[in-house]
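Below: a set of structures, written as structure tokens.
Two complexes follow with subunit A in common, the first pairing it with subunit B and the second with subunit C.
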Partner chain A sequence: MIDLKNADVNFKWEIIKHEGGEQLLKCFGCSDCAASCPVRYFDERYNPRKIIRLTLLGLKEQVLSSPFLWFCAHCHACTERCPQGIPVAELINAIKNYAVENGFCPEGYKVQFDLLKKLGRLYEVEDFDLKKRQKLGLPPIDKTIPEVVKILEYTGIEKVVKR
Partner chain B sequence: MKYALFLGCTVPVRAQHYELSARNTAHALGIEFEEMSGASCCGFPMKAVDAETSLLIAARNISIASALNLNIITLCNSCTAMLSDAQLELQNNSFYRKCKELGFAFPHDVTVKHYVRMLYEDIGIAKIKAAVKKPLSALNVIAHYGCHYMRPSYLYGFDDPEVPHTFDELVTATGATSVKYPDKKMCCGGSVLGVDEALAVTMANHKLQIAKTEAADALISICPFCTVMYEDNQRKAEEKFETQYNLPVLYYPQLLGLSFGLDKNAVGFRFNRVRPTALLAKVGGES
Partner chain C sequence: MRVLVCTCKGKIQLPKKDLGPNVILEQHDDLCKKKFQIKPDEKVVIAGCSPTVMEGLFPHATAEYVNLHEHVVLPGHGIEKAWDLITAAVAKLEHVTPVTTRVFPIKHKEVIVIGGGIAGIEVTSQLARNGITVTMIEQKPFLGGTVAQLDRLYPEGTPYGHTLMPQIGNMLQNDTSRIYTNAEVTGVTGTVGNYTVSLHTHPRGVIECTNCGKCADVCPVEVDDAGKMRKAIYYEPTYPDIYAIDFDTCTRCGECVKVCEGKISLDEKGIDKEIQAGAIVVATGLAWYDVARVEEYGYKRLDGVMTTLEFERAVTSGRLNPKKIVFIYCAGSRDSKHLLYCSKICCFLGLKEAKLVVDRFPDVQVYIAAMDMRSSGTFEYLYNTLRERGVSFIKGKPSEVFQRNGNLVVRTEDLYTNELLEIEADTVVLSSGFTPDTQTFNKLGVRLEHDFPILFENASLGNMELPRGIFTAGAATFPAGVRDALIDARKAAFSVVNLFHQDKIEMQQPNAVVNEDLCSVCRMCIGTCPYGAISIVEDKIHVDETLCMGCGICAITCPSYASQLEGFNPAALSSHIRALVRQGDILALLCKWSAYNATDRAAYDRVAYPQNVRIIRVPCSGAVDISHVMDALQNGAKGVLIGGCYPNACHYARGNFRAKAREQILRINLDLLGFNKNSVRLEWIGKDEARKFASIVKEMNK
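Let's look at the complex of A and B:
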């Protein structure tokens, strides 16, 4: 049963403003995305069509607080099949971005953010790694790339992630 | 032929055998790589958080290759998608202006290609076949493309996103048989590993089970993330589904290097977690 009492009619306009969300209104709900989805093949709790319908209906809380939003593997199987030409994986990503802005950032992404800020990469490059590379005849790599911090400061993403 | 090699996060510290074999097979084919000093993470890990941040990180990496006036070669499917996405976004004026504000310069236009696509398009099957000294005709392998090798097609315009064939052709060029199998485009599950490990392992298990049914000698990967799922998490899949796979997961350049007759140390088989001992015995090599 869908209750529209608390629907936010502006929710869809917010998503459309986000990178990747521009084509949201084209969806006519055919379910090709759900039928092509490898994640849904194994776990029906993730359903891209349902997420898109709920977004169009304005059921903001339900969409943003759902842990299943994050099940999208961004594999683009849906994008290739959408008869409306919507880059569905990008649309789901736009909803994820909006969820983060509204304080729903999964812990794993906070950890990745901290690593990128500290190192500029996801894995710490230890002296051991550099020695191993040298032994294999591989060229040295930078341990940290501080220039990434400049980008994170420019977009102001830290305060959004930590919201 | 000279390219800028983009390593990303995982390959240089967790998959040195991929990097090593990619460099050595490239060398055997007359390809030169220039290092991208100062290159960072591609940006993909931040995409779900903020698409613009991820695109700017990617654009900065592109600017490094642009200064070198060299086209970019990547070893990871997701890095390929992320850098290609930024490449497209650079045509958007407001994004380009932001890059300028951050001090990124793009003196030369450069392209982004996965190593495997470069082999297919820039070197070609005929030249690769000509370099094969030890055809691997005893091997039956599963070619795993991974999602971001040919999808989204609006970024790549390469291969067929529904019925891909380029990687199969490259596998076949080594003399090995690229097994025809169901659910070829199935995702490895890597992207959901941090969200729901049981689901990710279930997704990886699907293709491991197929490889077993097909009695494949190995699964051939071209992405470090896919290898994390099929090799590093193979034991977890075996436990969860109460079965045994013992399936070697090789990076394509390792298979290629084997067919070129390169020294075992040049392709780094000792770094494969599931030892390809039986596979090597079949082709008369040692691990």
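Let's look at the complex of A and C:
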């Protein structure tokens, strides 16, 4: 059962301030987004309508800690069909941004960030890989890309992710 | 200039001071009980009771009303306030152009009804009963409109003929009406009482007819007329009793001419005609929204996807024998990409179709996918009946329709169970919304908003009459069922009868006038006019006298002060403000339809507000410019309150939204010029919200 005692009435107003989340309050719950969603077709636990409804009700903890928030594949099928003209994929993005800002970053993203920061790559290149490339006649690649590391530093993303 | 002051039973005794040259001050006991001879173009200040009362007693257009009773006597404010109010009113009137009286004679007491559907037929028979000559113009070869296309009417499922045929019979009983079928309005000129409508009658092909039907038997052309098959020469059992040729599909093979017992001509020419009338009734009915634009539902792309009308006609003519049907509601309605509004009748129509199909085919499986079922009123019974008959209702808007193994599949989410759902069916019916016939309204110069005639949706305008000689009836006003269309038709007929009781209309209402020497034809007024009264004629700005309602918004918008409202203009308002506002005052510019009445109410309810609140009555909150606020602030005003009607309740349709838009610019400008940008407030104050008004001005006075 949804317990509105712990609901945060300001949650929706905070989402509206985020880029992409401005049109949140237009939702009238027709479920066109949920019926259009190709991700939902494979895993019914992901439901964009439910995320929007819970956001509107102010169930902050439940929305932000849910792993399903991160399932969106950004295909924009929902944005295309929403009768109220809400850019639903952008809206989900806004909620994701809000989640990270408030320390709800999933572990997977943190690991990816650590790799990027260390190597400038999402995938660690080892001697084994280089040998294999040599065998196939491919040129060797750098183990680290320092430019990417530098860009990451400049964006200040560390402060946000490590919160 | 005369200043008529009521002493209010001795409570107002003005000092014997001079008001300026050419101003005569007259003090009377019981002003309201006296009669005065006032010349039409004379400027008068009438100081007494509230203008709402005095306007009725002294209906003089170029008058400035000073509210001594409600603003001085009842609140117990000092006599010096009365003197200030009167001097300011005199200062204002000096800059005002007098209001001219406009007379529109009703030359032709005849009516043109555009549209021969159920509403047009009802208007015609009601007017004919009152002895008024009516000319009906119908676009199609047969009367009946949308009703004649249907088979059954909701909610009881009455055959359409039971309703339509008696109406036609009633209309034909009176021989004062002329009916033009196959005719089209090509242009309209003139004003109320004197319209000239030019129309073009398309050839019918059949000149004399015995109704034997041999022509339709031999005709080789089969036409799909919205789900029903017919020949290119055809007959519909309404009126007139003559066959007609559909020249869009006719191949002119000449087979029908050979067998005809009467007379058929394939090269008949159309006729142009001009008709004069005093009033026009628009009963053009509804148009079905083109659901092919809702691409995901596959109308015209997939076989078996059809509209409600096609479905009804196909089922009742025996062409379609469905096994499993899905109705998709709100196809293209309440959608930001299509129709923004709810068409009100499509839910009922869909329920009727479902009833029709379960009655005919007991084994059929029916699903209705609707995001909201709006079965208002007694239609709830129909909704209940259908559930009991085994129709499944699914809540949720389907996302798409596609084909799989030769079947149609509707993909949706069932909101009751929160699960995805795919329904395989052989027929998908799209319940689309409706739009009015915008073409006719455009020809008549009626301004539309959200596709509908603008005055319709605004409840505060009450009478729902379009500019003074044009009336709407039936579904042209808003999508309506037969019952509502008939009620609306009677309303239109009554309005026409009311109009024709007079021989002329005299209007003493202020109109916008344009000074051509100052006008640079920048066209800003054209966009801002809520009524579409302003247009360009021969490279000059032209104000249509019958359309102008006197809101003054154009006068405020005009950057070169060329457009002025009679009895009110920016310069006059400026001098009024400069004469009235002193150091430390609060200026309240209040809309005469709502916020101003709240101050009257404050006096009756003894709601106190400070004496330094200076109240000025303006035609509309949209008729206040940035410069007027500046005037007040320069004179040392503490704050300026602009009071208007609530959103969507503006007497001039959109005036308060113009005020709201201007408020933003105003704040920026005030900030730039070094004024406190929060010293201006725009508030919505209703007619009786005295306490709200008082609390706002008290807050501003702190």
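Note that the second predicted complex is superposed on the first by the 117 of 163 C-alpha atoms of A that agree within 3 Å, B and C clash if a C-alpha of one lies under 4 Å from a C-alpha of the other, contacts with A are read in each partner's own complex, and residues count from 1 in each chain.
The rule we apply is simple: contacts are C-beta pairs under 8 Å (C-beta built on N, C-alpha and C of every residue); 3 or more make two chains touch, one makes a residue touch a chain.
It should be emphasised that the depicted structure is a prediction, and the values quoted were computed from it without experimental measurement.
By the touch criterion defined above, A:65 lies against neither subunit B nor subunit C after alignment on the C-alpha atoms of chain A. By the touch criterion defined above, A:10 reaches neither subunit B nor subunit C.
Touch counts on subunit A: comparing subunit C and subunit B, the chain ahead is B.
When the shared chain is aligned, subunit B comes close enough to touch A:73, but subunit C does not. Once chain A of one complex is fitted onto chain A of the other, the partner contacts of A:152 are limited to subunit B, with no touch recorded for subunit C.
In the superposition on chain A, A:47 makes contact with subunit C only, not with subunit B. In the superposed model, A:84 makes contact with subunit C only, not with subunit B. Applying the stated contact rule after C-alpha superposition, one finds that A:134 touches neither subunit B nor subunit C.
Contacts of subunit A with subunit B, set against its contacts with subunit C after fitting on chain A, overlap at residues 77.
On the subunit A side of its complex with subunit B, the touching residues are 18-20, 38-39, 42-43, 67, 70-77, 79-80, 87, 89, 93-94, 96-97, 100, 105-106, 108-109, 112-113, 116, 120-123, 125, 129, 132-133, 136-139, 141-142, 145, 147-148, 150-152, 154-155, 157, 160-161.
Residue ranges of subunit B in contact with subunit A, taken from their complex: 7, 9-10, 12-14, 16, 19-20, 23, 35, 37-41, 45-53, 55-57, 60, 98, 101-102, 147-148, 151-154, 161-162, 185-187, 189-192, 194-196, 199, 202-203, 206, 268.
Those residues of subunit C that touch subunit A in the shared complex are 296, 330, 334-337, 371, 395-400, 411-413, 415, 418-420.
Residue ranges of subunit A in contact with subunit C, taken from their complex: 28-32, 34-36, 40-41, 44, 47, 49-50, 77, 81-85.
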